[in-house]
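Multiple structures follow.
Okay, so subunit A shows up in both of these, paired with subunit B first and subunit C after.
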Partner chain A sequence: MHNVDLNQLASLINKNVNGANATAHVPEDKKLDGSITVETSHVAKVCEWLRGNSEIPFNALQSISGVDYMEWMEVCYMFAHFDVAAPRELILKVKLTDRVNPNVDSIMKTYPAADFQERECYDMFGIKFNNHKDLRRILCPDDWKGWPLRKDYVAEKTYNGMDIYPDNKMNYEDRDYIVRQAMIKKAQETKAQ
Partner chain B sequence: MQDGVVLTTVDDFLNWGRKNSLWPMTFGLACCAIEMMATGASKYDLERFGCGAFMATPRRADMMIVAGTVTLKMATRVKVLYEQMAEPKYVISMGSCANKGGPYWQHGYHVLNGVDEVVPVDVYVPGCPPRPESLIEGVMTLQKKIANERLLRNKWVKHA
Partner chain C sequence: MQTRWDIGEPEKPTINADTEQMKSELLVLNMGPQHPATHGVLRIEIWTDSEIVAHAIPHLGYLHRCMEKHSENIDFRGVIPYVDRLDYLASMYMEWGYALTVEKMLGTEVPRRAELLRILTGELQRIGSHLMAFGTYALDLGAFSPFLYAFDYRERILRLFEEVSGARLLYNYIWIGGVWNDWTDEQLERVKTFCDDMEEEAKKYHELVSMNKIFVERTANVGVMSLQDCLDFGATGPVLRGAGYKWDLRKNKPYSLYSEFDFDVPVGTGEQGVPGDCWNRYIVRMKEVIESIKIIRQVMDKLEPGSIMGKVPKIIKLPKGEVYVRTEAPRGEIGFHMVAEQDQKTPYRLKVKSPCFTHISMLPRVAPGQMIADFVATVGSIDIVLGEVDR
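Let's look at the complex of A and B:
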């Protein structure tokens, strides 16, 4: 990301946090954003070091987002340092291999802004943040079932006695038409190849 | 017959009063609410029609403008607010989302497909979001509907 030498930062993290196993991913295309992946169990310690160190500090957490890759899940943290002389940004990633019961340490102690971000991530992906003081749903109702942004999520038919897809209002033909057109296009593309 | 003629005239008088003092509830759900605010503000001035007094409580309101996306979480609350309003009460469904779910209609998992699933709707205002002129047109349609009502004869005398 901006104004950060990822390789240098990764080696600094490895030097200062034991077992963090930080690896930098620097894309060849300069337009794309690079990232640093660290060990899942050490993310709280890494964040503590990121905020408190004197060499390359990051004083703000911009966002936490989850990604579902079907086989595994990822949590992406975006940090920034708001300084007029040297502003910088960083993407930190952790990989969660356990998709049934994914959990990662909360970074709320170091970055209090993580409170709502982690709750949203829990709401949408069901990722549990250990040591979070108040982990409950933030957007969906409390009695909602399932994790909406997971790839294998199937929408409910009813909620509290309300029809989500009332038959008299749905245009299934239209929906089928779109699916059919997509299939035809895909078939034509594979044929052309 | 004579009573009927008298009651019709009284009805007309009451309707004239009711239709020119429609008080909406201060209640917005999404971006349509911004257009609703613009309609109430000085440029479009909903007060010309007697419905610029946005009431902060459902008890004092005659009309509910459902302005915005009705999510499933909000739908139960919309229903409670409607039930808290005093009779006679009217509902204007404003914008595509409140009419039929809008862009969340086919694939949205959390949006009610039209507010008429939970409350009865008098006037639908199409648009995404509707311009203030459209909302004014909707309000005027509702006023015409109220002007032709026979509340006294049909409801109060019949069920007395």
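Let's look at the complex of A and C:
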């Protein structure tokens, strides 16, 4: 699918960007997509190299997506190369272990597309992008509380004094996510025993 | 060049005020959220110097439902009605993209007839969506009647979809593993007549609007998004092709059965104006309608009776891992990034890459220096659907 040899690309990144510590993750299951994880502090340099290099360039950033794994968070950068001869894709990842104040360098200088994408990621996960020119919420209102796509998010019942989530319309599945997760875990444990 | 204003030095007015002390400042104007030219609830904060736009700052989120969060609590089949509501003018493509994502992780084989029906509905949907874009764009620029012509023909597509899926806009027709319902021969015959009529109709549109002097004056050389800008911002679809870049996933990275089909990828050539301006983006859409008709006719030749649903487990559970699948929707590439956990009936994370979101981020780049009326033309030419921008 990706048309990219991830191991080769990872070694190329390591050769060209000092301290990037790129590791390729190639899943055994051929149906799934692989990815490359790099050091959080080096992501801006890696992206600069990705766009500018002559061997395996990627000329477009498609999107930036965050994933919350409870213990840590990931930022996934989806790159693509719009080229008729060699179309390719890449998922580049950085791992953020700090949930209280997660931050990573912005790649806006290299890929201007990152402007809105990083703002969305900040809006949904509270991940701060250093050196971003205008980092504020984009989809939620500016005074919204909490980071909606984090797994531990609990929907607010009121917003600015308005009842936005009345009891009769409450989607308890949404609200009690953590409780439900704990129940699933417990059920799995009892099943294992 | 002499203009009608060049009739000699104007008489100097006598002003009692101290002109040195007078200062000019930019006027902040809100375009939207209820503005007909924004095609939905988009607010653009425009800083203007009289008629000239100095900055444009888009404010999104008026239609934000956070379907990405909702989908984490619904089983894989249940997400389809939610993705329907992303791009509500091209719901078939949203369903298709999502179904492809799950099918890729499941490893499901979709029967040939189902694939062909997906292409058929998809291309019909593309025509419908482009007709909508054509009609509303002309409406933005002050021409009312093209809207009526476009809706007449779009209605015929919607009628067919309504008969097949039971809904006019939000179909829930493409399911994981295949499609929900089969088309009858009578309906397929009607598609054939529609194609013939549409081809004639497209010529009429071309004469009526595309080459219309006023339309060309309003759109050619306006809102130029250069190829470099398009690549910088990751633009796709008619915006990228309008800038003269031949890139179409159906051709360059074929999914489904598109590799079997013979069609062209129209690009903006600068027949009027320069590549990347509003006129070229518009003409790419109109040419794509013709290409879609070509594809539909080929589907008709290939269609054979058969099953329309593949083998899918009753309760879908995906392997632990992730995929990123993108497809070519009428407005650009729609991408689904799905992360799944072992033994979970719901997606762990579903991220939607929306083309219009990307295209709106280009507005601050193209707006400075434009007249406000030209800015309206630029916003219309990227053909935004806010359901997909805000998700």
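Just so it is clear, the second predicted complex is superposed on the first by the 165 of 193 C-alpha atoms of A that agree within 3 Å, B and C clash if a C-alpha of one lies under 4 Å from a C-alpha of the other, contacts with A are read in each partner's own complex, and residues count from 1 in each chain.
Note that in this section a contact is a pair of C-beta atoms (placed from the backbone, for glycine too) under 8 Å apart; a residue touches a chain by one contact, two chains touch by 3 or more.
As the structure is a prediction and not an experimental result, all values here were calculated from the model.
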Which of subunit B and subunit C A:V104 touches, first, second, both or neither: neither
First, second, both or neither for A:P148, with subunit B first and subunit C second: both
Contacts of A:C76 with subunit B and subunit C, given as first, second, both or neither: second
Of subunit C and subunit B, partner touching more subunit A residues: C
Touching partner for A:L50 - first (subunit B), second (subunit C), both, neither: neither
Subunit B versus subunit C as contact partner of A:I127, first or second or both or neither: neither
Subunit B versus subunit C as contact partner of A:V17, first or second or both or neither: neither
First (subunit B), second (subunit C), both or neither touched by A:L6: neither
Touching partner for A:I36 - first (subunit B), second (subunit C), both, neither: neither
Partner chain(s) touched by A:C140 [first = subunit B, second = subunit C, both, neither]: both
Contact residues of subunit A, present in both the subunit B and the subunit C interface: 140-141, 148, 153, 171, 174
Complex contact set, residues of subunit A against subunit C: 1, 27, 29, 31-33, 35, 59-63, 65, 67-68, 76, 78, 80, 82, 84, 87, 89, 91, 111-113, 115-116, 120, 124, 137-141, 148-149, 153, 171, 173-174, 177, 188
Subunit C residues touching subunit A - in the complex, by the definition given at the top: 60-61, 64, 66, 68-70, 72-73, 104-107, 231-234, 240, 245-247, 252-253, 319, 321-324, 326, 333, 335, 337, 339, 343, 348-349, 351, 353, 357-358, 360-361, 365, 390-391
Residues of subunit B that touch subunit A when the two form their complex: 72-73, 75-76, 100-101, 105-106, 109-110, 112-114, 117-118
Contact set on subunit A toward subunit B in their complex: 140-141, 148, 153, 155-156, 159-160, 162-166, 169-171, 174-175
